[in-house]
Each structure stands twice: as structure tokens, then as C-alpha cells.
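Multiple structures follow.
In what comes next, subunit A is part of two complexes: it sits with subunit B in the first one and with subunit C in the second one.
Entry: the complex of A and B
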């Protein structure tokens, strides 16, 4: 029963991937007159015939000279051989190579942010639920109202201005040599942490408060459940009730939102990366967008989608381990 | 030593609510003899469940304000006990069966572990030893294949089985007093009978005192020895079962009995009680029942009748009691 559930979920996820892959291929082609023209805009000193030749050459080089359907087949067969396509940028690097270079730098920001948000959020959420209605709780509530109105990029701007330009405690712009000189030495790691401090703090303020409020609500919702009364009627101590009965059940909605955060780990920080000049996936995507680099855009989109699909799959399987009621479509 | 298992004197429970207060329970007395089954009957909202939680000292305070003159369990005064001391008693000497077994059991824990907890807590047993007792307890309440069923989750059991699990929990340590709060309301009629039989058998076999809280007089007719009728936070009548069913003194009791269908009397019409229980914040003046009473006089509208004592420990709270004998006052 458990095994069939697993297989069912995997097939389902794969099916979604096929749909995303197809959409990802066709959407950039809707309305585009000629990718070659976008790639190579007409120059003033060129004759019509010269330009035609150049465009034809470009089409052949990037495989745009065949029908859309044939292109799709080529794209799919490339994908299943692990080829995300070739970028338009000079030197024609592979898309997968570009992603591979930038991904770790994005993960440094987003994974650290998620861990900090989750860890501190869980603690202050539990405290707020415990001290329901007292100042700890109302402070969290007020903070979460404020943070709703303060997007992360706004906090980032303030932090970069104040701590970066005014006080000069942290770099307002990431040192471009950081990536090139990274060699896993302690010094290099220290430099990365120093540069990452402001972006991570600006991202995690909202995250901490969000997870804190979510945890607080989940814990309080479970506290009002009948089975908590049963547990108390059995004579269990306060700690036993909280750790064995309340928190385990309160984890369920938190795991759901954790899954959503994980799917956003790769693409969630475009603006923050821009503000701090951080060379990650978000910057890469903006570069691709500004240079009409379709293969790169498609590659990044597909990679992010695939990551989100896998993250959701893992979350769902993990959830079914935590909550025995969720198995083969038998929900109650 | 008295032969009273529970002696409750002048219990008052008040909930502050916005601008007013909700007087959920207004000074009730309750006596339960050893091995006796006492029923507390009334419509929803009359304060039955609050009374039961107050005896368990499980009401959260705040918001609830509880005052009691005497709360004696087997001559042990509980009214000043700390929560820590109550935790020792709960589950061991005083336990409770809740209404809806679906919500009263922790959905993410096997039923076996939920019962194990009681033995681990009160008998200082290892998990393995506790499980042996758990299987025995499940066996006693008629759960088939108790050993493997103990590893089921609540949602995998039928409603009747879940209720049996709750009964097994309540009887786990053979407490002195068990409070059953509407133990069969959530069940089908056929299953109700089975579960009541189990409960009744267990109570008689182990000579446990039982406080049965219900709105269902057919349940009372089968099990209870003494019956308290509660209305809007006050006891309106107390009598042994036979007296109450044959010669109710209070018009409300008469109304409750009249609402039960009878096959023996073909001309029987339901005597229905008009309207509903008054809102606990806006109780009427005088006798709380007077707006719904067909025997109401001016006196009833002005002052609350005292609790009158009658032969055989009967008590009633009415200016115009019924069935007093002599025929003069017998029901209209």
C-alpha cells in the first residue's frame, strides 16, 4: 500500500514535468517573429541579402531552421540526454554549465535564509503560542502586520543604505572577486559570509516572522483540539502534552509551508540579488532576459520547475510519514 | 469514612464574556456513592460539560473562574490541589470519557501508544510492560485482536471501536470515579447499545463510580441509579431513577420525559418544550424555566424557587411541583 502510493506520486510528478517542459518550450515561441532577428538585430551597414544570409546562418547554428515540432523533438531528446541547450552568449557556453556556476551562490543565500527563518521562527512561534495574549504574542502579531507591508527588497534597500553606505559595516555591493577567488579556504568562506550578511538578513526578517506567526497559529489550533483535553485528562504533565501531542500535530501545516519555501529556494531572490550585486540564479535570469537569450531563459525556467516539482514530491512523501491519515487518496 | 465517592458542594463556574459574564454553573451540589452510576441530564448549553470539566479541574483559568465549597473524591479534598497534584490523580483515580472519539484521539499516534502513556505515567512501567497492560485493557472492552489493533491509528477503526478505546483508556488504572461526557452521542443506535453495555458491565464488574452526562433519557433509563436534571446552570430536580420516570416533580423533567417516544401508548403525543435554553448571559428573572413552562404563574416570574427537599432524598426546584400525591396538583 505504501509502495503503490510512492509510485503513484512519482508518476504524477513526472507527468507534471512533461506538461511544464512542453509549455516551457512553446510559450517563448508564441508571438516571436524570428528568434534569429532577436538574436542578431539588423546593423546599419548591411544589405538585405547579407542580413538574410546571416540570419539563415544563425538559424542553422541554433537549430531554428526546422519546423517547431521538429525543434520540440530535438529539444526533448536533448533534455533526456541531460542537455539543457546552448546559450546565445559569446563562446556559446552550455546552459547547464552556466546554471552550475551560479546555483551554489544562490543556495548560499537561500538555504541559509531558510534555516535561520525556520529555526528562529519555530522557537518564537512556540513561545508566542505558549504566552498567548501576553506581550510576547502581541509583539509577534504587530511585527507580522508590519512585515506584511514591508517587502524583503525594501528592507534590503534600507539595510544596504544604512549598514552599507552610512556605517560601512558590511559591503553594500558584493565584491566581484569573491566568486573567482573562492578556494574553500577559511579566509574565502569568511569573505563569503561577510558579503552574504546583509542579503541574508534582509531575506530572513520576513521569513522569521512568517514562520513564527504560522507556528503560533498552528500550535494554538492544535491546543484547542479535543485530543489535547484527552491527553490532559490522562494525567500527562504539561511538557508531555506539548511535546508528544501538540507539537507533532502542529508540525503538519508547517511542513506544508516548508515545502513551498523549498520550491522557491532557487528563484526566489531575483531582486535581492540585484540590489546586492550578488551573482546568483536571479542575476543570471535577468541577464538572459535582457539579452533575449531564449535557451538560457528556458533552461533556467525548466530547472526551477523541475526543482519545485521534486521539492513538492518530497514534501508530500514526508507529510505522509508524519500524518498516517494521508495515504493512497484516503483522506479523512 | 463516608460512603460517598464524590461530594461536590456549591460549584460555581463563571466565564467573563465581553461586557457581561456567563454564569455557566450556578452553585450545584452533587453526590455520587461508591459504585453508583449517577446521571446528569439536560439540554445542550445547560452547563453539564462545564461541570464535568470542573470536577476534573481541567477548565482553563483564565478564562474560567471556578469556585467550589467542597470537592471531595473519596474524602480527599481536591479543591486546593495544584495542577501538578491533579495530574497525578487524573487518569489514575479520576478519569474521563469524551463525546466524540474521532476528535478525542490523537490522529497521528497509534491507539496503543495513547493507552501506553497512561501506564508509563502512573505505574512507572517500561514501554514494553505498558503495552502488555494496554492489550489487556483493550481486550476487556471487547476490541478483537487487541494485540494487532493496538498498532492501528484512530482513523483505521470504526466509531464503536474508537469509543471502546476511550473506555479502555478511562478504565486503564481502574480509577475511583469515571466521568462519561455523552459517551454515545456520536454513535449509531445499534453501536450505542453495544458501547453502553460495555460501559455498564465494566462499571459493575470493577465497582467504579460513574458520572454519566447525557441529554438522552433512554441512556439514563438503562444505566443510572440516581438522576440529576440540570437547567441553565442549576439543578432543577434530583431523584432515583424510578421516582423520576414515574412521578417527575419539575415541569421541565416532565417535558423531557414527554419528548421520548413511547410505543405502549397509542394516543401518546409528544409534549414538546417550546423555545430553547436561555442564553447563559441573558437568563430570565425568577425561575429560569418560566418562559417555557405551561404551569407558569406570576410568582414564577418574580422569584427563583429554592431547592425543596422531599422524602427519599428527592429534591426539586419548583413553586408548583407535579405529582405530589393527593391528586390536587397532578399535571393538567
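Entry: the complex of A and C
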């Protein structure tokens, strides 16, 4: 990988972050003169004077008492010191602190889901490509068309209904004490796994089939290449061709879709979290929405965007390491 | 003056006839394909349900005053039972729910096709600053998480399906524009385009008369797949309560079922019914899209590009960046090869 390419990509990613950050600053200010009004809409039982006082307080508290440009500068300088803003919740916790509390719980779901999907998907996809055109392959194809048409939250509802309410094997709602009582003991980890089972399964059904179909397509695309023909003509066994020549080259598109999944790790489970009452970023965002907590909402959004930018950058660089051809087109 | 107007009308009529003929041809091709026929029949059924909903539905689904009929199990008088909370007839709600899904899906799909085609053709054909501007915009759009942004915007401007359609279109055109752009870059060097340029045709003329028809098959196919993806996404948003609170939609039915105790009391039909609705609508549109691809591009059965387009619009919105990254990489290669030869 060329150094200039690396630097160029990093600068470009930073440039995109600046744009997203600016948008993030202006979106809650669309159409209002006084941000305090948006951040604290008038309540029914409030007199005009009371509301004025509250607005004045909000302005001072959240730094709206200076010009828009100055606010933007404060916002940017705060961001680069790691300050995502202050939430409206009681006690005015920092947004970054709230995110820090919830992020691990979302990652428990999404990372486990990703690993399961990737692992089982790779195996299933290779088998399907191996048995191309036989029942294993057609079953996967049919399953993938069906699973693409079924929303994950519908699967989640069905699972929660059958395994949560009918059989009572797994909790249909997350135990609210799970987060508070977590202390890294085996018992606590077991409780987390027990509570996370249904959300993870409902997320990974689509993921497994998606990765399976993706792997299958990638493997078959490579199988049609000339060097595979050469390898077979050399007299290598089918197994050797598949594991030594085909799978290695089929990794490229799989890395691509892995990169996509990684950038969706934080925000990809909003609905599933809501169904199972899981204490993650998705529910945090919905709570912020219900209380009109704009600093929190925009902070989470910026965090998600930044995560996506970094994930994309890393995948892109990783991809160019795997496939040296990528940098060729960028040279000029 | 009159002659000119007549000529214009005649031209317009010919164009419209041409478009109608093309659509009819597509439908005939779909009908001849066994898988396409299934999709076509289901879509027709859904459209009929949506248009004639008041005639088909046995009860008024908005009627929440049926206190005597709360939580009934499926029977001949209530095919899918009634809701536990308000006693609404679930079968009638299912029929009315078709409307939201189809309208949101079709309007978004068609708008995305228009916007994506225009942006992609301009980026690909005009190139230069326009290309850079459009592609940079795409890059920014791709990293903004769509679902949270939708929540923020509905919070700011009120909940409605117009808002949802607007956001879907705003974010949906990016993937299509990329695909179209890469195709246009190839078409740009085709002999007939060169010939038109030499003959002195204007840029606009070349773009919309010569290049656009070359990518139209992709557009038609993409519209069907976009509809399918948008329907799933819409169901998700309605489930979160971001749709129009007064309309009946399948996603909202699922949310009501969850909130109204369908899980607790074992009323599985209340959950299954809207789920089947979503499944049928998405599945049939997807089938049509995939069959179209097979018809138009018989060499690439189950190609990954279409899979990607669909996947992009599916629940995880942020994923688009890398979908076309390897495409761009390949494009870089072909361009370079082209420059050298």
C-alpha cells in the first residue's frame, strides 16, 4: 500500500467528518431563530413569564446566548476535546458518558450477531457453492429470498412470542437488573447470555443467510476464473482447489460486506433493542426522542456517523492491503 | 403555430405510446416467466386490495367502538379475529394496510429511479466538477445513519408518510446513482454516442435521448427492488411509531399487537397477519425485480450487484459505502486501461 494513498484516504475521511459535523450542528436549528425554543418547547401549564425565564436559563445553560457562529465554534472546539454535549436529563449528564454506559450493551448484541453470522454463513456458503445446483444450494437460494422479505423485527416478535411467552425458555423482555448487577462474575455473564439469546438469534437469522448467499456467490464467481481452471488442470483435488485457491480469492467481497456490517454495528439494532427492551444505544436514542433531548440525539447521531466513517476507512485500507489492484486506479 | 402544437402533441402521444408499449412488453415477459407470474399475480392482488379496500373489507377498520367484540379469535364473522385493545377487525385492517405499503413503496421507488438516473447520468456523462460534487454528496449521505436521522426529522417536522418518503428518496438515490454512473462511463465511449457528438447533438440531447435509454433496463429493475426494500423499511419505521399516527399500516399493526398483549394472550394471528402482508408485498416485488434481471441480463443469474442494491435499502441503511467500492475499484482499472490503450 502506498503511503500517499493512505494519507489521502485519511484526509478525505476527515473532510467527510467535518461535513457531517456541520450538518449535525445545523439540523436541530432548522427553521428556528432561538434554539432554546426547540430544546425546551412550551408546556401547557406555563405562563409567558415563566417560559421566558426557562428559555433564558436554557440559553445560558447550553450556551445559546452567543451568536450562531460563536456557538458553532464552541461546538467544534468542544467536539475536538471529546465533548459531545450535555443532555437535558436530570443531573445534566454528559452525552459521552451516557453513550459510554450504553455502548457495551449494544456491542454485546451486534458483535456476537456479526461473529455468528459470519462464521456460520461462511460454512453454509462454501457448502452451497461446493454442491452447486444440488439441494443444498437451492435451499439456501430459496431461504435467502424468503429471509430478505421478512423484516428482522417480525422474526423477533415471532421468536419472542413462541420462545418467550409460549414455551418460556428465554425471557421475552430483558431483565432490568441485568445492567445494574453486572459484575463480571460467571453468574452475571450467564444472565447476560440468557437474556441476549432471543435478540441475537432474531438478528442473526437474516445475517447467516445473507453471508451464506454472499459467500456462495463470491466463491462461484472465483470458480469461473482462469486460474482455477489451471489449478484443476494441474490435477489438484477438488478440496485443494476450494480451500487453497478459491476461498482465499473469494474473501474480497466478503471483506466488503464485513465492512458494511461493522459500520452498522452501533445503529443496526434499534428496533430489536426496542422489542426486547434491551438497554443499548437504540433504546437510548428512542428515549432521547421521547423527551425531545436534542443534544443527546445529535450526539448519538454524530457518534454513529463517526464510527461509520472510521469503520469504512479501516475496511477500505484493509481491502487495499488484500487487493493491491485497488490503489492502482487511485494513482492519478 | 397550430401546426407546431399539433406536431408537439403528436410527438408526445408517440412517446407515451412507446412507454406504454414498453411496459406492456415487460409485463408480457414477466407473465411468461413462471416465477415472474407469481410475483405479478400477487402484486395485482395487492393493488386491487389497496384500491377497493372499502369494498373488500367486511368491517370499518377505523371503528374502535366495538367494545363487545374485543379480542375475538378468528371465526367466519371475523376472519382474523379482532384486536384485544379496541375490537377492530384485523382482516379489514390488513386490507387497508396495503395502501400505505404500496403508496410509500411505489412513490419512493419511482422517485428514486428519477433522481438516481438524473444524478448518475450527469455525474457519468458531464464529469468534472459535477461528478465530483455528486459523488462527494453521496459519500457524505452514506455515513449518516438513516434511521436516527429519520427519527430526528420526524421529531422536528411531525410524523407523516410524506416525511418518510422524502427521507427515503433523499438517501435512496445514492446507491442507484453510483451504479448508473459506472454504466454511463462505459456507454459514454460507445460508437453511437460518439457519432451523436460528432453530429453536433447537444449534451442534454445525448444524455436523455441516447444514454438514458441505455440504462433504462437497470432503472426498471431497480424500481421493483427499491419498492421491496422501502416496504420493509417503512414497516420498521411504522413499527417504531414514526408513520402517520392516524393511518393503518402493517408495521403499526405489529406495534399495536405487541403493545396490546397479543404475545401475552397467545393471539398469534394478530402478529402473523401483518407479517404475512409485509412478506407477500416485499417478496412479490423482489421476485419481479429478480426475474427482470434474469430476463434483461441472462448471463448474470443471481448477480451480486442486484443483491447489493436490495441489501442497501434493507434495514441496515448505513451499509451502502462499500457496496459499490469494488465497483469503483474496477472502474478505476478499466479507466486506466482505457487511457493507456
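By definition in this document, the second predicted complex is superposed on the first by the 312 of 332 C-alpha atoms of A that agree within 3 Å, B and C clash if a C-alpha of one lies under 4 Å from a C-alpha of the other, contacts with A are read in each partner's own complex, and residues count from 1 in each chain.
By our rule, contacts are C-beta pairs under 8 Å (C-beta built on N, C-alpha and C of every residue); 3 or more make two chains touch, one makes a residue touch a chain.
What you see is a predicted model; the values in this text were computed from it and never measured.
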Legend entry - Three-chain arrangement built on subunit A, subunit B and subunit C clash or fit: fit
Legend entry - Which of subunit B and subunit C A:240 touches, first, second, both or neither: first
Inset, instruction - Scan A:160 for contacts with subunit B and subunit C and give back first, second, both or neither. - result: second
Inset, instruction - May I ask you to name which of subunit B and subunit C touches more residues of subunit A? - result: C
Inset, instruction - Figure out whether A:229 sits in contact with subunit B (first) or subunit C (second), or with both, or with neither. - result: first
Inset, instruction - Tell me which partner A:148 touches in the superposition: subunit B (first), subunit C (second), both or neither. - result: second
Inset, instruction - Considering only touches as defined above, state whether A:179 meets subunit B (first), subunit C (second), both or neither. - result: neither
Inset, instruction - Considering only the touch criterion stated at the top, classify A:314 as touching first (subunit B), second (subunit C), both, or neither. - result: neither
Inset, instruction - Using centres of C-alpha atoms, tell me the angle at subunit A that subunit B and subunit C span after the overlay, to the nearest 10°. - result: 70
Inset, instruction - Would you sort A:107 into first (subunit B), second (subunit C), both or neither based on which partner it touches? - result: neither
Legend entry - First (subunit B), second (subunit C), both or neither touched by A:120: neither
Inset, instruction - Quick one: classify A:261 as touching subunit B (first), subunit C (second), both or neither. - result: second
Inset, instruction - Give me, in Å and rounded to a whole number, the least C-alpha distance separating subunit B from subunit C in the superposition. - result: 10
Inset, instruction - List the residues of subunit A that touch subunit B in one complex and subunit C in the other. - result: 252, 323, 325, 332
Legend entry - Residue numbers on subunit A that touch subunit B, as the complex places them: 225-227, 229-238, 240, 244-245, 248-249, 252, 322-325, 332
Legend entry - Touching residues on subunit B, where the partner in the complex is subunit A: 56, 58, 83-84, 87-92, 95-96, 98, 100, 103-109, 114, 117-118, 121-122, 153, 155, 166, 169
Inset, instruction - Flag every residue of subunit C that touches subunit A in the complex, lowest number first. - result: 139-140, 142-145, 147-149, 151-153, 155-156, 228, 232, 235-236, 239-240, 254, 257-258, 262-264, 266, 268, 271-272, 275, 278-279, 282-283, 286-287, 290, 302-304, 307, 310-311, 314-323, 325-326, 328-329, 331-333, 335-336
Inset, instruction - Note which residues of subunit A are touching subunit C in the complex, please. - result: 16, 19-20, 23, 27-28, 30-31, 38, 141, 145-146, 148-154, 157-158, 160-161, 164-166, 172, 210, 213-214, 217-218, 221, 252-253, 256-257, 259-261, 263-264, 267-268, 270-271, 274-275, 285-286, 289, 292, 294, 297-298, 300-301, 304-305, 308-309, 312, 315-316, 319, 323, 325-326, 328-332
